[in-house]
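Quick heads-up: structures coming right below.
In the two complexes below, chain A is the common chain; its partner is chain B in one and chain C in the other.
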Partner chain A sequence: MFFDAAEQFINGVMYGSLYALIGGGFTILFGVMRRFNMAYGATIMAAAYVSLVPLYLFRAPFWLMVLTGLAAAILIGLLVEFCCFRFIKKGHELAPLVATIGMLIAITEAIVHATDAAGLKYPSPFGDESLELGRFLVRPDYLAVLVAGVLCFTLIFLLLYKTRLGRAMRAVAERPEAAQILGVSVQRVNVLTFVLTSALAGVIGFFAAVSVGSARPDIAAFVTGKGLVVMVLGGLGSLPGAIVGGLVLGVLEFQATWFLGASYRDILAFLILFVILVFRPRGLLGARTT
Partner chain B sequence: MRRMTGLQVIALAVALLLVPAWAVAFQNEGTLRIGGMWALSGGAAFFGKAALGLGTLAVDEINEAGGVTVGGKKVKLTMHPQDDACNAEQGLAAVRRLATVDKVLFSLGPTCSSVAEPVFGTLQKKLGDAGDTGLQLLFFTDTATKFGLAKLSPWVFRNTPDEPAMYDFIVKYLKENRPELKTVMVSYESDFAHSAATWKGALEPALKKHGYHQVVEVVDWKWLDTEMGAQVTKLRRANADVYFALAHTTSMCPSLKEMKSQRVKPKLIFGITSLAGTEVLLNCPDLAEGVVSPTNFAPINARAKQIADKSWEKYKADSNIHSVPAYENVHLIKGLIEKAGLTNTEDTLLQDRRKVRDLLAKVGTFQGVIGKITLNPEDHPVKPRDVDKDMLLVQVKSAKWTVFWAPPHLKQN
Partner chain C sequence: MDYYIAIASIIGIHTLLGLSVYLVAISGQMSFGQQGFFAIGAYLAGMSTALWGIGLLPALALGAVVAGLMGFVVGFPALRVRGLYLAIATYGFGEIVRLAFLNVRYTRTIGDRVVGPNGAEGFRHVRYVFDRGFTGAQYLAIILAALVVVIVLYYLLERSKLGAKVRAVEEDETAAATVGINVTQVKVLAFAAAGAVAGLGGGLFVHYSTYIDHDMVALPLAIAAVTYPLLGGLGSFVGPILGAVVLVGLTEGLRALHELREFVYGALIILTMIFRPRGIVDEALVLRVKTWFQPRAARPSGPGAVGVPAEPMVRP
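Let's look at the complex of A and B:
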């Protein structure tokens, strides 16, 4: 019993790192712009598909696949920013929400039509067989997600708290008008925020596809659902909250599936989310700013 | 001649757009409309697009051969597909459109049983009952497989797999040919009607009926789940001889990946009927190596190979257990149209649908792509308006489906 719970806890933490990365992407954008980007999941899914192009064309190595995915994600992210955010005036908060839902559907269906709705095999550079750590079996791709999560969040925190861009992003997140008066270009910060979160989408797309074993159109819906839950659970706009929220969701899902079965997994996870939000409406680590 | 002003051009364009679609159809215009509703977007689109492709291929073949003879005149078939996205609400809108706007003679599809159930519920329950205002639209379904759906309305006929018979055969086959394999573990998708029904309505009754195998573990997940670590750990602990993975490709591939990761190696793996297509070979050919699946279609004769090649070349449509029936259904209905004495006008559409329906109810045995198919009569005690047809077992070998078992009369083809 204890061993089972411990094994599922470890798996939950590792897989929760993927949720944390997804939630982190949603959160950074919301934290800076105070707007939801519902097309983020589609960006992740499309990046996973595009990253396969060099592999299928000329058997490119993995690093080139990852770079292609990153480049594709950044381009798609900039397209989303241009189409759904740039020209919408402040005060019309619902407009980008609806516009990005439209973009989510458009990107997903474009991939569905381009691939005839087929998932495509996505090879793993980490090997297929689990590592044996004592009595525990640990999936190497999940371990890689955990390591990638630690690296990505370290880099993001360094960027936010040790660079001029990070300071500008925090200023725009806190008081956009005041930041503008002080000479910060809000539009430039918004674009760079999109570049940052889109690059993260490229990384997430790679790991999401590796963990599933294929790039599939429904990855968009999956990451959108998880990302929103993590963001709300952790606290809107709180990056540490997204990390904690992702890990908590991962652990909850694994424990619920093990002890109660998959049918009860979502019931339990969302019941706990509900309880948390009743007692802490701002989420676990809810804060106004990033 | 006076030239049209810009405003007049726009007015004409708008007027043309507003002309009802059916105004350019029917006998006078030399066309006969047939329809189909499938998941052409969303998670099940691979199957929907394949069925649309195979149905359209049949329409092309008929039209290239001159069309279909109605009232002594050759008319062309036109295909009017609707996308239900494997979503019940969209399906309900699509069926209304097919019946009353597109005004098709009959419809193929739907893809998903979860759509078929509410859609068939809107059809007339009792033929000729003026008080029953249900839609009078003939369905000749190719894909929606859940057992018993054709009982929902006399307007529904299906050319779909008989899964209870298939899994009964597999259990019997294992008992007789592999008696050393005694323990069984099962996975299914709890939110996918077809998968859950295959477990509850086909495999579980077969295992109980034959009483030979011991079921040591049953796990479930959702069809779009991406993580099955906990469930596969349970399967690993169960360590059964035979594994029935009643999952579609979307969850089958990640679960097989997890099984490989946890070194779960049952001696034999059986999949769900829907697995026997190209989708799984695109997603995880290496992981699926050795998996056996029951099916009603494999390219085992020259005609089947030709259809599979042509549909892929022309429409990128996969010929599989669900899509090939769309091809068979169109060809069968073509013959019935020519016998039914249709008038093919808007005013007589309901009578025309009824005539074709009544002929279909009496069709009995007809030739399918790989063998004979028997459409059960309306008074069949178990599965009225459903078919009986040959089944095969196919197995993934070197990233291709190969025949694992076929009835002797098909092997001779």
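Let's look at the complex of A and C:
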């Protein structure tokens, strides 16, 4: 009993780092631009599909698949920024939201047309054999997600807190007008934010498809749902919050699967979301300001 | 002809969903969860006719009333959050409803058919309309009648004092509260009424399609429901109607373009947002149209005067 709980806890933490990455992508974009990108899920889904191309052409190693997905995601992200954000006047928060819904529809359609809607098999490059860690059995792709999560967040934090670009991004997030006055090009920061979050989308696309076992159009809805929950769980715009929120969601889902069965797992996640929003609207680690 | 009747029926049902999001939106709240009320209305109205042998109209009314009560219940916790938080909280509510219906089994075998909500297999055989021999056109008339009733109520609301209160709350909650408007009451009422409208749409839908399952009330429906009023415009109830007609109409009308259809559809949404970020029927347009109908003497004049857009006005 205790052993099962502990094993599910470890699985939850590992899988939760995928949720943390998804939430991180949504959070960075929201934090810097105060806008919401509904096409982010579609970017992730499209990246997963494109990353299959080198595998099908020649048996490419997995890092080449990740890189291909990453490049595709960045291109799509730039397209989203150009079409749905750049030309929309200031002061209309909801307009980019709707515009990115248009983009979501277009990207999904492009993928469905290029492949067939049923999805493509996505072989795990990490093998199917469970690894033994002490007394626990661990799925190798989950372990890879954990490693990727730690790596990505380390890079992101280094970027945000040790580079000029990171400082500019934080300045724009804090107060865009003041940053502009001090000589930060808000436009440039916005574009680079899109590049950063889209690169993250490439990584997420790869691991999401590996963990599901196939590249499917409904990955877009899956990651959008999880991304929203994690973002709010941790506190809108808080990156540490997204990490904690992702891990909490992962652990809760795995415990609930074991406790209540798979069909009630998702209800629990959304119930928690609803309760947290109502009783602690700023999330687990959100700032006190409204 | 059947084809056009089918499209018109879908437009009618989706218009109700768009009007539901609109009503919440003009009280200053954004909901991604109206599909949850739609699902409640659909399942309840479907169970009423298919399992309990109740007539169509009481069944639709029951679905709408219960969805409205749920709206009332959701309206209170929703008071505590706003903006994007509220959008996500309501989305959470919609998903809870959807996942609940994924798990509900309440079936009875009638003849050789298993009728009732059956978990992941969905709710089949809501055959009331077909068993009674309604034609597609007759059922469309029922949908349109319901829609007209709702639209008349919206029209009356927007001309009433209550409507002005709702708009005041949207504009500035604190200011509204200082002039004595009960903000809580307005917001919760908006949620309850919007829930009932979405529930009515759900009841009409399940009797139209004879079938509903949890997948039909997931994120894509939420996105569609929000897109209608935001694209059509939040200036008047005409906005969500226009949004639903344009978007559902486009979905069908662009069929001739085959592969390009969804791209054109997506591109039109993006372009509309670039050129009209508050939607097609925005507040400025509503004001402008209103001045056409005022007697000349009563017209405020000069740019910047109340009710006059700052740019030169085009006379009809």
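The criterion applied here is as follows: the second predicted complex is superposed on the first by the 287 of 290 C-alpha atoms of A that agree within 3 Å, B and C clash if a C-alpha of one lies under 4 Å from a C-alpha of the other, contacts with A are read in each partner's own complex, and residues count from 1 in each chain.
We take it that a contact is a pair of C-beta atoms (placed from the backbone, for glycine too) under 8 Å apart; a residue touches a chain by one contact, two chains touch by 3 or more.
Just so it is clear, the model here is predicted, and its values are computed rather than measured.
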item: Fit or clash between chain C and chain B when superposed on chain A; value: clash
item: Which superposed partner A:Leu137 touches (first chain B, second chain C, both, neither); value: first
item: Touching partner for A:Phe254 - first (chain B), second (chain C), both, neither; value: first
item: Chain B versus chain C as contact partner of A:Glu7, first or second or both or neither; value: first
item: Touching partner for A:Ala117 - first (chain B), second (chain C), both, neither; value: first
item: Chain B versus chain C as contact partner of A:Thr224, first or second or both or neither; value: second
item: Touching partner for A:Glu109 - first (chain B), second (chain C), both, neither; value: both
item: Greater residue coverage of chain A in the superposed arrangement, chain B or chain C; value: C
item: Partner chain(s) touched by A:Ala168 [first = chain B, second = chain C, both, neither]; value: neither
item: First (chain B), second (chain C), both or neither touched by A:Val203; value: neither
item: Which of chain B and chain C A:Val50 touches, first, second, both or neither; value: neither
item: Listed stretches 27-35, 117-125 or 261-269 of chain C, narrowed to the one that overlaps chain B; value: 117-125
item: Doubly contacted residues of chain A, that is, touched by chain B and again by chain C; value: 109, 221, 263
item: Touch list for chain B against partner chain A, complex; value: 41-43, 45-46, 48-49, 190, 219-222, 224-227, 229-231, 233-234, 249-250, 253-254, 256-258, 260-263, 278-279, 282-287, 316
item: Touching residues (chain side chain C, partner chain A) in the complex; value: 30, 77, 80-81, 84-85, 88-89, 91-93, 95-96, 99-100, 102-103, 218-220, 223, 226-227, 230-231, 259, 261-263, 265-270, 273-274, 277-278
item: In the complex with chain C, residue positions of chain A that touch it; value: 30, 36, 38, 83-84, 87-89, 92, 94-99, 101-106, 108-110, 113, 221, 224-225, 228-229, 231-232, 236, 263-264, 266-267, 270-271, 273-274, 277-279, 281
item: Residues of chain A touching chain B in the complex; value: 4, 7-8, 11, 15, 109, 112, 116-121, 128-130, 137, 139, 208, 211-214, 216-219, 221-222, 253-254, 257-258, 261-263
